[in-house]
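Here come two complexes built around subunit A, the first alongside subunit B, the second alongside subunit C.
Let's look at the complex of A and B:
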């Protein structure tokens, strides 16, 4: 039964993530007043990339991308998707906080093996950005854990189903706003797109990827989009009873993020750090203090 | 356009994928590049055909040579072409890579690009309009369907010929040959 749930979670996450990637391209196109690609375009790209020759740059290049993908898949198993949560009894928010670092680390190992200067710049930006958003993320998670007095996500979701969304309740609304402010940085979308930045550093860590390696990074991106939004829905929008309702909530959050992505230019990396350590951190800190006082 | 026909996708997914996901590398050699921004942005929107620009040759499978090719640029065109993963398609854009165009007498530009790398199709004109790029893309779809866009195979088969031409115009090349001898395709 657990194995079935694991397979179902990975499949659903992949499908939803790829659907979001396609939808983002379509929404961006409509905002630019053009027709845009079909929604299945990322799937078409992946099919094409698996049918290309691919150039490997060494053992670590192959290993790093698998490592990164595995890290993302493990995080998926800890996140409840509706009622589906294969590893609900173990782990919780603390484990997720540790495991979320594996995915950028793997991509850094893999991209670094290619020894391209653009990849090195991209990787250093990726880690600096991770340093930027991990501080407010830690404060937000601390506030949630303090308020609900639990580290288990399933328990937090259950309490929200009884008492209403935590995004509506006063003690946690500041933390929720802080999470929305750092969500583009977690997903790597504009205005925090400086990791990939095709115009200045030739798509950063992905510059030497071809064929099936690029296909795997696309799937990895889909998983990461799913993780970032699903964590927000579970912690602040009260999760859901069934996967369909959960998907609708994720869709709403994702469209907000895409609208921001469509109209904002890119930050430079030091501007991003300055922003991330100022407003989201201040809000998250205030949220943590309120949560401490009210419990 | 048969992008929505599921039967074809099940029959030959590789071919259909290559048709409808052309990741283009625009080589900004000459004046032709000025036609590309309207093609890929809101006015003509190449993305609806699955054509999007990518930043590095490793991710690309469509190579657009836009404009005249000077001898100095040819070196980098060859290097970029050899870095692209197979199957790869090349399209010459404008009169200049086709036959020299208005630079026929120039000491500094090459006249026929297809002596140095294989070219799958040409867009003639000076300058071609952005619509011509879409005509080229639809022609390329037909060629991929019939298996006639085999420039990369020709490059493997006749590598000695291309390498000789490259060395003739560029002098000694500082990178080793891509293939040690002519490779026979299966």
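Let's look at the complex of A and C:
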């Protein structure tokens, strides 16, 4: 049963994530007054890339990307998708927070072995941006955990199903707004796209990847988009009773993020940090204090 | 096994090593290792035993009491374990240094005195061992001369301040209660007045907070750790600094106990909460300062400062879960920081003493074992799941969140995210990126240096995947201090407030990695190329290759460095300078020349006569 759930979670997450990637290109194109590629384009790309020749720079270069993808997939198993949550009993939100480290670390090690300065610059930016958004994110998560007095994400979802979304409950609304403000940074979309910045540092950490490595990073990106939005839906939009409803909620959030992505230019990294440490952090801080008082 | 025999072997072995070194130096190294090994074996045999023994040849007619219980065993095993590995590491590392007899003697002597502090059952012998430890540490920090002498001085001055405070407490306790045996004191002190207990606690905490290097007493540590020789740095950082935690355990939970600690509150401020906040400040300050460092050992030194904050957060929170987290973190920190100092030492050994990480790079292919050690050590330091640091940090976070202290938890989290940044920088700048031309022919370190790295690497991963093994021991420490027992399983914790099952996580990561690997294998095989192949996109490779390491986090460090000025250190330095100036001034008056003194006497007499003549006061 658990194994079935695990397979189902991974498949659903993969399909939803890839669908979002395709959809985002379509929406972006329409905003730009273009026709855009078909929605299955990311899948076509992945199949094509797997059959292309690629170059490798060493063992860590190969295994870093594998660990990175595996780390992302493991996080999925801790996130409730509707009612499905295979590893709900193994540590809760704290473990999710830490497991989310494996993916960027793996990619960073792999990119570091490539020894290309563009990759190093991208990685440095990735970690700086992560520190930037983790400050408000941690405050938000702490507010949620303090308010519900639990570190189990399943329990938090259940309490919301009983008592309504946390986004609607007054003590957590500030935290919810702060989360929306940092969501583009978590997903690495514009205006926080400086990690990849194709025109500037040739896709940063991905600069030395080719063929199947690029295919794996595309899958990784799909999973990461799924994780970032799924965490928000679970914590603030009350999760869902079934995967279908869950998907609709995710879709709504994703379209908002994509609309922001379509019209904003890129921040420089220090501008991004300054932004992240100002309004979202202030809101999250106030949210935490309110959550602390109301419990 | 007798405790006095253990101590005799520890101290006697140190002396014998010195003498042997004078006679036949090759035997000396082997004997030093054997002696350290014997201590490990003997200490492991003492597992789970509780005994107290009074000997009559005490100092000033006070009994000399030795005792062992779960808590002292826990600290003792870390001391002898790291002691053995660092002596082993020293053999090749110190090969070309001078005064080796003195070095090995001092290493073993410090080991023995640390062992003495944890198994002594009365405060006089505790103090004596403590002082032996402080002074021999001072000598060994300054071993290399130059900057190291200054670092040693900084250490010893702060250490003496702490020791004096402790001595005052010991004298006061003796005059009030007439005994210094810990078990008797613990009973008698329950009747003492609260203000007296508060005084005792503040004074001893000063001693232990200084050795633990909590903010604002952290200033000695970065210098001392960076300037000491690497094998000794790992002893310093892994076990010696944590003698401060032992002291806090001893006074807070063994001698005073909860009853008294719970009474020391006024409003929301209690002694424990002050310690917690000191820990939180230490974590954030140290993590951000470590970001600015470019010296491999200095980065590790600052991380040592920061990790101490996690321990005190857990321990001072004084719940079963927190205590387990804090105690476990002491063990975990001891393992991975010793590992990281060995790694930094190996790099120094092969590159001719280079500690500036910006001038290194690309060593992964040349020193793979060292690299794996470094990667695992840094992962443990960050607390990546499946390494030991994760479990203890999980326990501490959980304690803080469920204990309704989200701001303390926030400080702890931010410390961890800072650790990721400097941890990756440590790995990237040393091992990844481009290999400088001059390190083209570098080789992996010899086997006796690899062995400690391999052992500790395995321990980090073993305790990370099966945390039940050490947690059982940690749990026994907690229960011996009067905390209730945790429900420990092999894969973590199964308490009603939430479970942690590392084995599940491990299985998930393993299976999914294998699946991803299989998918990876299905793709077309990758061609292995050198780094130059793609670097210049087909054009000729430039001679001076760009390598992005210097100021790795410049956009951030530029923003935060003005806020991170170590004004505490500045304050201490200014204080010491002004004391020195004052003393210089006094010395100009007391020149030591009799002529000047005669002149002073005559001038003074003249003044008296002048006063008498004018105003006739007498």
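FYI, the second predicted complex is superposed on the first by the 295 of 295 C-alpha atoms of A that agree within 3 Å, B and C clash if a C-alpha of one lies under 4 Å from a C-alpha of the other, contacts with A are read in each partner's own complex, and residues count from 1 in each chain.
As a working rule, a contact is a pair of C-beta atoms (placed from the backbone, for glycine too) under 8 Å apart; a residue touches a chain by one contact, two chains touch by 3 or more.
Keep in mind it's a predicted model, so treat the numbers as computed, not measured.
Engineer: Could you look at A:275 and tell me whether it touches subunit B, subunit C, both or neither (first, second, both, neither)?
Structural biologist: Touch status of A:275: no partner.
Engineer: Please work out whether A:198 is in contact with subunit B alone, subunit C alone, both, or neither, and reply first, second, both or neither.
Structural biologist: After superposing on A, A:198 lies in contact with subunit B but is clear of subunit C.
Engineer: Taking the superposition on A as described, I'd like to know which of subunit B and subunit C A:69 touches: first, second, both or neither.
Structural biologist: Only subunit C; A:69 stays clear of subunit B.
Engineer: May I ask you to decide whether A:47 touches subunit B, subunit C, both, or neither, giving the answer as first, second, both or neither?
Structural biologist: Once the two structures are laid over each other on A, A:47 reaches subunit B alone.
Engineer: When the two structures are overlaid on chain A, which partner does A:37 contact: first (subunit B), second (subunit C), both, or neither?
Structural biologist: first
Engineer: Go through the superposed model and pick first if A:55 touches only subunit B, second if only subunit C, both, or neither.
Structural biologist: both
Engineer: On the A-aligned overlay, A:211 touches which partner chain: subunit B = first, subunit C = second, or both, or neither?
Structural biologist: The answer is both, since A:211 touches subunit B and subunit C.
Engineer: Which of the two, subunit B or subunit C, is in touch with more residues of subunit A?
Structural biologist: Result: the larger residue contact count on subunit A belongs to C.
Engineer: Mind working out whether A:29 is in touch with subunit B, subunit C, both or neither, as first, second, both or neither?
Structural biologist: first
Engineer: Which parts of subunit A are in contact with subunit B and also with subunit C?
Structural biologist: 50-55, 208, 211
Engineer: Help me check something: in the complex, which residues belonging to subunit C touch subunit A?
Structural biologist: Listed in rising order, the residues are 362, 364-365, 375, 379, 382-385, 390, 394, 397-398, 401-402, 404, 406-407, 409-410, 413-414, 417-418, 420-421, 424, 427-428, 431-434, 492, 498-502, 504-505, 508-509, 512-513, 515-517, 519-520, 522-524, 526-531, 533-535, 546-549, 552-553, 555-556, 558-559.
Engineer: List the residues on subunit A that touch subunit B in their complex, please.
Structural biologist: 25, 29, 32-38, 41, 44-45, 47-55, 118, 198-199, 202-203, 206-211, 214
Engineer: List the residues on subunit A that touch subunit C in their complex, please.
Structural biologist: On the subunit A side, the touching residues are 6, 50-58, 60, 62, 65-67, 69-71, 73-74, 77, 87, 89-92, 94-95, 97-99, 101-102, 105, 108-109, 112-117, 120-121, 123-124, 127-128, 130-131, 134-135, 138-139, 142-143, 145-146, 149-152, 208, 211-213, 215-216, 268-270, 273-274, 288, 291-292, 295.
Engineer: Which stretch or stretches of subunit B touch subunit A in the complex?
Structural biologist: Touch residues, subunit B against subunit A: 3, 9, 13-14, 16-18, 20-21, 23, 41-42, 45, 47-48, 50, 52-56, 58-59, 61, 83-87.
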